[in-house]
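Going by the order they are written in, the chains are A, B, C, D, E and F; count residues from 1 in each one.
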Amino acid sequence: MSVFMSSLSTPPLLFFFLGAAAVAVRSDLQIPAQIAKFLSLYLLFAIGFKGGVALSESTIDASILLTLLATMVLSAVVPVYTFFLLRRRLPIADAAAIAATYGSVSAVTFVTATGYLDVQGIAWSGYLVAAMALMESPAILVGIVLYNHFATREGNTTVSVSWLQLLRESVSNGSVFLILGSMLIGWITGTEGMRQVEPLVKGLFLGLLCLFLLDMGIVAAQRLRDFQQSGERRLSGETFRVMLVAAVLLPLLNASLGLGIAYLLGLPQGNALLVVVLAASASYIAVPAAMRLALPEANPATYLTMSLAITFPLNLLLGIPAYHAAIRWLL
Amino acid sequence: MKTCKRIEIVIENSMVPRLTALMKQLGLDGYTLIPDVRGSGDRGMRRADELSGESSNCLVLIACDNQVMLDTFLEGVRPLLVRAGGICLVSDAQWLRH
Amino acid sequence: MKTCKRIEIVIENSMVPRLTALMKQLGLDGYTLIPDVRGSGDRGMRRADELSGESSNCLVLIACDNQVMLDTFLEGVRPLLVRAGGICLVSDAQWLRH
Amino acid sequence: MKTCKRIEIVIENSMVPRLTALMKQLGLDGYTLIPDVRGSGDRGMRRADELSGESSNCLVLIACDNQVMLDTFLEGVRPLLVRAGGICLVSDAQWLRH
Amino acid sequence: MSVFMSSLSTPPLLFFFLGAAAVAVRSDLQIPAQIAKFLSLYLLFAIGFKGGVALSESTIDASILLTLLATMVLSAVVPVYTFFLLRRRLPIADAAAIAATYGSVSAVTFVTATGYLDVQGIAWSGYLVAAMALMESPAILVGIVLYNHFATREGNTTVSVSWLQLLRESVSNGSVFLILGSMLIGWITGTEGMRQVEPLVKGLFLGLLCLFLLDMGIVAAQRLRDFQQSGERRLSGETFRVMLVAAVLLPLLNASLGLGIAYLLGLPQGNALLVVVLAASASYIAVPAAMRLALPEANPATYLTMSLAITFPLNLLLGIPAYHAAIRWLL
Amino acid sequence: MSVFMSSLSTPPLLFFFLGAAAVAVRSDLQIPAQIAKFLSLYLLFAIGFKGGVALSESTIDASILLTLLATMVLSAVVPVYTFFLLRRRLPIADAAAIAATYGSVSAVTFVTATGYLDVQGIAWSGYLVAAMALMESPAILVGIVLYNHFATREGNTTVSVSWLQLLRESVSNGSVFLILGSMLIGWITGTEGMRQVEPLVKGLFLGLLCLFLLDMGIVAAQRLRDFQQSGERRLSGETFRVMLVAAVLLPLLNASLGLGIAYLLGLPQGNALLVVVLAASASYIAVPAAMRLALPEANPATYLTMSLAITFPLNLLLGIPAYHAAIRWLL
């Protein structure tokens, strides 16, 4: 319990609550859109650079490559069973989009977890940033493959996608590109590079994370309210229930898979937590953006609401400490 | 002054590259974009505050004095709107030539 | 294509929630907002640079093909403009149905 | 309601002060500015992302019910557009009086 | 005199001058709108957090509560006499709006005063941040009550306000909410929380204050110029004079009341200065925004110009050192 | 060679590459416009303040004034021969605009050079920031004088400029004004002032420079691509060649003049490099903005593409280390 409290009572999480509270009391508090965008770019830049520098200080061995491989496979497998769990209960396009969303990861959840570890003084390895970046895209491809396969079977209009273009789009996605790029630069410039940008990359990290989570709290709560208000008209109560249940159970299911992988790979505590968090988290930036382009038939009100307004807060507030407790108990 | 058609399209930011590609292809290389526009419609609210930009719109303004080009363009626009939502308005205007 | 009315309202940002509330109430749930617009009028300059946002405007674009709804809406808009300033223009347009 | 002309001008941000100066001089002190608009035209792309602001446009909306004033204004606008590029559209609208 | 110079020659104030100078020489220097908004959010966040942490380190006793109460009462009394001083000379709606504006406070003036104290190494207590937050709203309610009462008497259209909604609007005002929220979080997380966000909250404070005041200088000077240019057409010379006199004398009058309170409460030098500054300052964010909604009949060209373009610079440049001198002479 | 590599493998330059790479792979990575604008304001503010403080710590003697004079003369001479080199090969308006562009300076190239020196631990003097500010404007005037003179001769429409207004516009240009103003404030507040804003002005400098150069990389690469795509239709292959050659050779020519001046003035290594960089760099903010107003006949696709997309990266990536090598070899 204490760990829950201690993890909840850090500034970043409390600012997430504050954002949600602002919406609850109908406050007009808002972070300007371009600032929010910049804060998210900053977080990707900082975490990427940190990871790269950490990588430059360690040696890349087989176990690292094995972990990267395992996490990528995981992000390709998750969408498959997610899709089959949902395809009977939701429109096929939505099922595919949700599958992709939960196969991919949430950078901010990952970033918050690293902050959680730093504050608790638990070590974690930089290469897991690479794992995060690599887990962003595969799920998108899998989701679309699944849709095309079953949409045809059921006579829906299929998506005519050039695989090459899709692959390009997913690696050239702004977020993925910035993480990988910053990581590469951190890796090249190493400790000396870090010395130059440390005040920005490390000094301001938790402070700016607070402001970003404040915005996330506002956005998530607004989306939840819009959903309640406008949702009724459009979605059946049944759909509601499916979404709610899925948004709560999928992270747990995926987390336990992540836990299994961490166990088999014999990862140390810090890395284990990050792998579990990657597995449990769902994308609300890269994937939704890709889905709008590749699968506009899918309704963002379903997959985006699930990942942003339910799964994200859940992982942030209860997930991280819970997964941590489980790891300490298991490993 | 020269009479022309004034086309206004509200569509998701992420769809704009496809729209401009279509225009380029038809040789319609005059247009104005007002990005990060908010709105509400059949698909609910779009607050233009989300990180993915998924929920912000772009208002596209096109002045065109070539009816044929216009019609082929509108034909190409419709499917985009059907899939991704948005609206398209056409009205008459006078174009100040220079 | 379907003929419709095209309503354009320029009003202070801070008044927009009341405007959208009015539309919601009338079932007019299709609109586009262009926030942080600057301008000048009877009430002087609005630079859209003030901290309170007091002096920035929002341009509201509404396509409506229901004359009755439109008239009741305009009746509700007038008092807002009288108290807080701004303008409201109505013109004809063709709506590309999808 | 009162019939009026609806003038839409897309011009480079940096030219706007000259435009507003012209309006002030003619006593046309009602206008709305939508800054940082992007676009493409005879002079190529304007991405509205450049540091100088050289390549972003501004959309100017003017409602005017004085035909004489309007004509003198358009006469003053043309040379600006000739030198710096941009477009000017004029259409009819109904002005909701308040 | 030296104290004046020394206080004027700090970077923040000089950047305010620079902003005004930019407008004077018709420079096109401008801070992007969303950046300005973000800087003001940052200042509220930082001062709130600082105050909360300070609070967590001290004990809340009767004298603190007494000070909070006294300052709130002050902010409710100021509008009353302000209104009666002005109602014969200005339209009743404007009089009410000005009353509310001067009863409330200017967060930036307060923030600058804390910076002034920090630089001079004079201590001040965190709970005064709470005082500032609590002084934001009461004046709004008083102003509207006054308007409604006398507007009816004189047959003007009155404002039909649901008190509940008004109360909600004023506490849920973005600025107020952010200060109180950040303060609460600072109070909960205490010293440990500060350790995490210190580089942002303390390190960058004066630097970002410089950039914010640069923008304030630009905005204030522009408003003054617009007022001169367009004002003539709309306002009588008489109105001009009333506005000018009021914008200069009201702060002095209110400051002396604040001084009296500080004296009666026997506050230490630093706290005394902050109470005086709160009394003397006028709102240009929370109140004008609220007035546009509740009292649009009032002309912002009067009350906003007074508070932003006259009273604000006056307090910032001459007021703070003058009040300080008075306090040292009196206490 | 090693110096090249070492200078290329600093975070700022690598982020410039990253930005260009993002465009190459058609990534949707973008820095919000207002953030980019703010970052450029920050750099001017920081470099100006630093320079002013440095100035306040040194004594202003004849040699300093001589250097300032020499650099200003240089920025007035460069446009003259540039114009005569180009007027036969390009439209006269374009020739004049390019002349002005290359006579003026690029603040970011200068800033990057100071960062390069700091990282290498080589000293440089604050007054060179003043040199930069003073070199921004003269070229604009010269460019327009040249255009007017020869346009009339060749019967083109001339520009009716009020010299006074033009002078005002150029000193009141936002960038110039902010540098000079920050410098003045840094000079007034000196070491004590620096103590207050150091974390912002010094701590974040290289980090934020990384993010700004990331944006510059994106913008430069996009402009190059737009130019290739749309350029063909509008410009002859001949024009292409002239532009390319000029954009590569002009910096070298101007750099050697700068080198000569540095030699004659007997400047120390650090200052010499900065003077050379000022000579070699071309403006892409102040001058293009001024040209659009004073000389809209000139096509930005020529002068802006040359300075932003060719000369700027060239100086940044190869120029700085090359000039440095030359200086060490010569002085």
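We take it that a residue touches a chain if its C-beta (ideal position, glycine included) is under 8 Å from a C-beta of that chain, and two chains touch if they have at least 3 such contacts.
What you see is a predicted model; the values in this text were computed from it and never measured.
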Chain labels contacting chain B and also chain D: C
Chain E and chain B - chains in contact with each: A, C
Most remote chain, CA-based centroid, reference being chain D: A
Centroid comparison with chain F (C-alpha atoms), farthest chain: C
Same or different residue numbers at the chain E/chain F copy interface, by half rule: different
Chain centre separation (chain A, chain D; CA means) in Å: 45
Chain A-chain F separation of Cα centroids, rounded to whole Å: 41
Distance from the mean Cα position of chain C to that of chain B, given in whole angstrom: 20
Interface hub residues of chain B, defined as touching at least two other chains: 34, 48, 91
Numbers and ranges of chain A residues touching at least 2 other chains: 30, 33-35, 37, 199, 203-204
Interchain contacts (touch definition) - all pairs: A-B, A-E, A-F, B-C, B-D, C-D, C-E, D-F, E-F
Touching residues on chain E, where the partner in the complex is chain F: 9-11, 14-15, 18, 21-22, 25-35, 119, 199, 203-204, 206-208, 210-211
In the complex, chain A residues that touch chain B: 30, 33, 36-37, 40, 218-219, 222-223, 226, 230-231, 234, 284-286, 288-289, 292-293, 296-297, 299-301, 304, 308
Residues of chain B defined as touching chain D within the complex: 1, 4, 6, 20, 29-35, 61, 63, 91-96, 98
Complex contact set, residues of chain E against chain A: 33-35, 37-38, 41-42, 45, 49, 168, 171-174, 177-178, 181-182, 184-185, 188-189, 193, 196-201, 203-204
In the complex, chain D residues that touch chain B: 8, 10, 34, 37-42, 48, 57, 59, 74, 77-78, 81-82, 87-91
